[in-house]
Every structure is written in C-alpha cells, then in structure tokens.
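One structure follows; several queries about it will come next.
Order as written gives the chain letters A, B and C; numbering starts at 1 within each chain.
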C-alpha cells in the first residue's frame, strides 16, 4: 500500500468555528485515505501575504506529491478565479490571489514580475463535476477548494479540474533589492516568539555585515539567539531575522511586517 | 480494508492543557485505527449552546457512520446522564445536556418541545465494562465519553453501552417564530470573522426581504460579502447571517448571541 | 498490519507559524505511516516546567511504544544536549533541560535529586546520519528532534542515535514535603478553566483534610466542582486542585504557578 497522500490546510478561519472541520469532512468523504496536516488556521483575517509566507516556508519540507490547500479569500463570491497548480514541490489549490506566488516563485515555477507560469501547470477550477453543489456564495473552501484537493488526492488528473491558465495573480510578493554594497529587503513575518523575519536570503549576507532596521544598527551575524540582547541571525528559512534575547523583537524594537531591513558589507 | 472510522471531538478544553490529547490517547488505545478530527476545542467554557451549534453545522458533512464526541459538561460529577445516540447522520457521545439537540432535531430524530427521541436510539452510558476505571469526579471526557466513542469505533453495538432512554434534555435550542409576514429568529453564533449567524433558514426568506437587527435595517439579501458595508446574506449553513465588509459585524454593530433578527417581506 | 506508531508533539511554537507543520512534514517524510497527536503547542514561551507538567500528565495514557517529541528549548544553539530516552511508559525525544524529568521520575526512571537514569536508557542525539543536514542554529525541532523521533518510529534502535548518557538535567521539578501532620506542595499548573493544580497526590490526603492556600482555608475534599463556591478536589491527574464553581480559581483567588498549598489532617 503506498503511503497516504497528504493534504495540508492553511486558512484564516481560526479554530473557534467548525469551518475547518467541515472542509476536512468534505475531503474525507471524497478521499478517505488522505492524511490531513494543518499548517495554520490563525492567519490574520484576509492576510493573503501572511498565508503566502507560511506556505512558502513550509511546503518544501513535504513530499512532492503533497497537496497544499489554502483558503484566505477576501474575494469569495466575486469574479476572482479558483485555481489548482502543480509545481516541482507539490500541488496547490485555492483562490487566484497571489497566495501561492512566493512558493511557486521559489521553485522557479512563476515569474513574479509578470505572473507567467514558467514550469508546471495551472488550471481554473471550472469543472462542476468536482464541486460540492450547489456552490454557496460564502464558503468556497467547502464547496470548491476542498473537493478539488480531495479529487486530486483520490487520483484524478489536474487537467480534469478545468482549463489551463497561463497567468496567475502575484499579489504583494516582493524580492530584496541589491545595490553595489547593500541589500535592502523587508520584514515579511513576525513569528510567535516576536522574531522579525525578512525576505533577505542568507547567501546574500556575509558574517560581518552591518544590519540596519528601524533606526538601529546590528554588527555581525549571531550564532545563537543568546549571543546578544539584539541579534541578526540566519533563521530557519535561510533568511535573516532580527531577534531579542528571551524577548519579542517586535515588541521591544517596535518592528512590523513591511519594515525595511538593510544589510551593508563591513569594509 | 474499509476506510478508518472517524471520531470528531468538540470540547471547551482549549489547547493549552493536555486534556484533549489524553482523550485521544484513550481512544487510540482502544481503537488504534480511528481517524480523529477536531471540530473545535475553543467553545467558550461551559457554553453548551455554542457547542451544539458547531455540531449542528458540521455533522451533516461527515460520513454517516462518524462518531461525534462532545464534552462541554458543566454538570460533570453531578447526576446528569452520560449518553450515546445513533441517528440518521451519525453517532453522538457526550453528556445529556442538550448539546446534541439541534443536530438531532435537524435530522428529525428529536422532538425539541418534549425531548422525545423520534428516530434512532439513545442509551445511557451505564455499562462499567466500557469505562476507564476508576471513574474520576472531574474528567468524564477521559473516563466515560472517550472510551464509549472508541468502543463504538471498534465495532461494539450501541445497546452494549447501556439501557435505552426515550427522553433527552433539549437545552437552550430555539426555532425561529413565523407570523403572517414576519420571521423572528435569533443570533446563535458569532464566527471568527465577526459574522452574526442566525437560526433563520434561507428557505423562509425572500430576496427582497427587509432585515431588522439591533435598531438597524438592511434591505434585500446580498450576493457577496463585498456587496455593501452591511449585508444580510445566506451563510454557509443555509441560514441568514449579518456581515460587515472587511470587518466584524459583531464589533461594528455591537451584535451578540441571543440578539433578535426579524425578516419582513417587502410588499 | 500493526497499528501505526504514535508520535506526540509538545512545543511552545504556537499555531500561527508553520513551525509545527514543518516538523510534521519532516516526520512524515521519514516515517510516512506515523500517527501524529498534538499534546499542546501553547506552552508559554520557554516554559520548560509547564511543558514538563503536560507531558507528565498525558504520557501515561498513551500506548507504551509511543514517542513523545517535545521542543521547549531556550538553549537552542548553545551547548545543551539533545537526547532520546526510553522508559517504562514510552520514548521521549527533545532537549536535555528537565522537560522529561517529571514523566520519567513518575515512572521510577529518574532520580530527581541527582539526575541519574535509574531504568531505561538515555542517549545523546549525536549521530549525524539521523539529522536533517545542515543543522540550523535556530530550529533543532526540525533538524534534530523530529528526525530522531521519526527514525525511532520507523524502527531504528535507540542506541543508533548516539552514545548512552547516565545523567540528565532535572530542571525545576519539585516533590511535596511531608511533616508529621502536614503536606506542603505547590501549584504546578493553571489549566484552561482557571483550576489551580498542585503536585500533592490524592493518596497523601484524607477526605476531611484542611487546605490552606494564599491565606484562605478550605475544609474537606469536594466530590464535584459544583459542591461549593471554592473547592479542593482530586483532579484528573490524581493530585489536589483548587477550583471555583463556574469561574476561574486563578482569577478569583489570585493564584499562580508556584504558590504553596498546605494540607493538614483534621484531628
């Protein structure tokens, strides 16, 4: 027997309501052998960028036939498309609002300046046969996305779900900017510990670099969170993060998502 | 191999403690192949009505042999009965305090004015053999309810668990009231997004109806959450809900569980 | 087919980030048939004692080949050891900071005054072969602990993971103190309901005992939470807890972890 197919779930539904359980019920009704793994249901309401960061950071650790179902969907009930995408690192099912852009771009599957699909394939979830009908105006997670993910897990081909699309929405995805001796990026996530995580990859940063954020300067990369009161350190996503020893960098330094982080070589 | 039997879990235990994990441990010790799906553990402490709403809205999406285990149990250690019920849409295991009444009534299995069991069968969990002994005074979720659910999942008959009961507690379950041109219901749940969900079914409401809540008036049903600042819309349970665009209706309009919602035809 | 091997997870990571999901992805990549059960991810940041209490109270209910993976790890990136321990009630994988001490001591596997391993076996997770390389400075849950737990679930021997260690850190673990007619213990956990749970076992306490906490006196053990406004009751771990009817004892009485609870015989 092959290992169970995995479907991950990422939403802004929270866990006080039954919405997540209803999606799981729909999936298990269609593909009973599926293994369900929650990424997070605590994305801030309608924060597509926040969800896209979680997917980007998590999807690479899952087996490559994993199906990543994500529903942060301010446009539910409007004309925004519902999509499924296959890429080097897995399948993605959700609204076409940029939620998968960082994950797909990291894998070379998406041109983030144009939205062109470069590798893999994207389809619009247009085939009524794979929906839970009648489709509601408010809960496409249950009626469109969960069924599509479950049918993929049950073995149907991506092309069965609907027509190919060549262009996806890219959302608020951003890359760091390099000049001669500076890299300039942004804080893309504040984690549970208050660490401020940037989009600047470790490979662009030398050990002795000088970091500037919110009017403060940090000299050199730290080797552990305990090295100094305020540290710049390579985090678990291989990007630079700013942390405070035994405290929350976000609270202590007043950092927010979107803040600029600059890195200069120490010459 | 048949698909794994599903047990869902609904409690007010929260996830900071180990209580939920202990119930899962007990279940997996008795019925190792069971699939566990959390509905919610964030029911407000001792809010039986809130839990009953979640079960009502979720249970219909699960396979009909699913076992719904629910422990919101202010009466633990008192004389309240422990019950298991089989109905058209599944099995229910928990305290006899009305927590299953809306789900059972929706399926025609319970007369909510008298508490009579109309279809299916209810038993009292009186058989010591299917308890984890000695039974504590404080944690029947672990000692009585989880073992009963697990033994059902493992294949014993409902009647093995104890004697049949004909009458169940109905709790605070309420139906909307109809007059000649008005339907009057109540807000039964505020969801994670702040949407105020009523017990008024869509089939009682015409598109051009006039909605009154908390001194405010809304004309006509909306088609998406984005249609207007304040909308009445058919939510994912096929009941009317009140929402605010990109915000929380509960916060913006000051709505609470129990508030009256009236619907008038527009003549 | 044998039942799936269980891995439990206990962390202070919260569920807003993808950290927990990444650990699960790593586990399922190595041991696809593993069953994952969350104990809690809402341990207060870096609260090793709090996590040790949850493990102590939950692990005895799981099958004895269960693997308990715990990552509350203020010392990540410093010289603290990474360990795996086998004991009468299961396997434990995590940092060597006392997080497993109460669970191991309860089973007679650890001498809490010296840290000596009395039964079972402990090893240091030193074998590179069972790590996810290269090991980061910040996320040993992903790079060291999850792979070790998964390889155990997949069937390797504990001794494969690294050299035996004879001495473990014991952390802040404490036992109640007995004098002629008094037992003196401490509050070790405030649960979700605000109940204040002590480390005084029921077997040291007679029904008619007099309880003293925070300047207040309670006479006699209660039989249910509803017995009186303020009760001392034997909780689900078989230790004494202080509760307030339909309220939070922690809030109403101002109780905290660490507060002294005394029990005197009523003579």
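The rule is simple: a residue touches a chain if its C-beta (ideal position, glycine included) is under 8 Å from a C-beta of that chain, and two chains touch if they have at least 3 such contacts.
These numbers come from a predicted model, not from an experiment.
> Chain B-chain C contact: same residues or different, taking over half shared as same?
different
> Expressed in ° and rounded to a multiple of 5, what is the rotation angle of the C-alpha superposition of chain A on chain C?
So the angle, rounded to a multiple of 5, is 120 degrees.
> Report, in whole Å, the distance between the mean C-alpha point of chain B and the mean C-alpha point of chain C.
That pair's centroid distance is 32 Å.
> Among the residues of chain B, pick out those that touch two or more other chains and give their numbers.
15
> Which positions of chain B touch chain A when the two form their complex?
Where chain B meets chain A, its residues are 3-4, 6, 8, 15, 35, 37-43, 54-55, 57-58, 61-63, 66, 189, 191-193, 223-226, 233-236, 246.
> Which chain B residues qualify as touching chain C in the complex?
Residues 12-19, 21-22, 24-26, 28-29, 32-33, 36, 45-46, 74-78, 136-139, 142 of chain B touch chain C in their complex.
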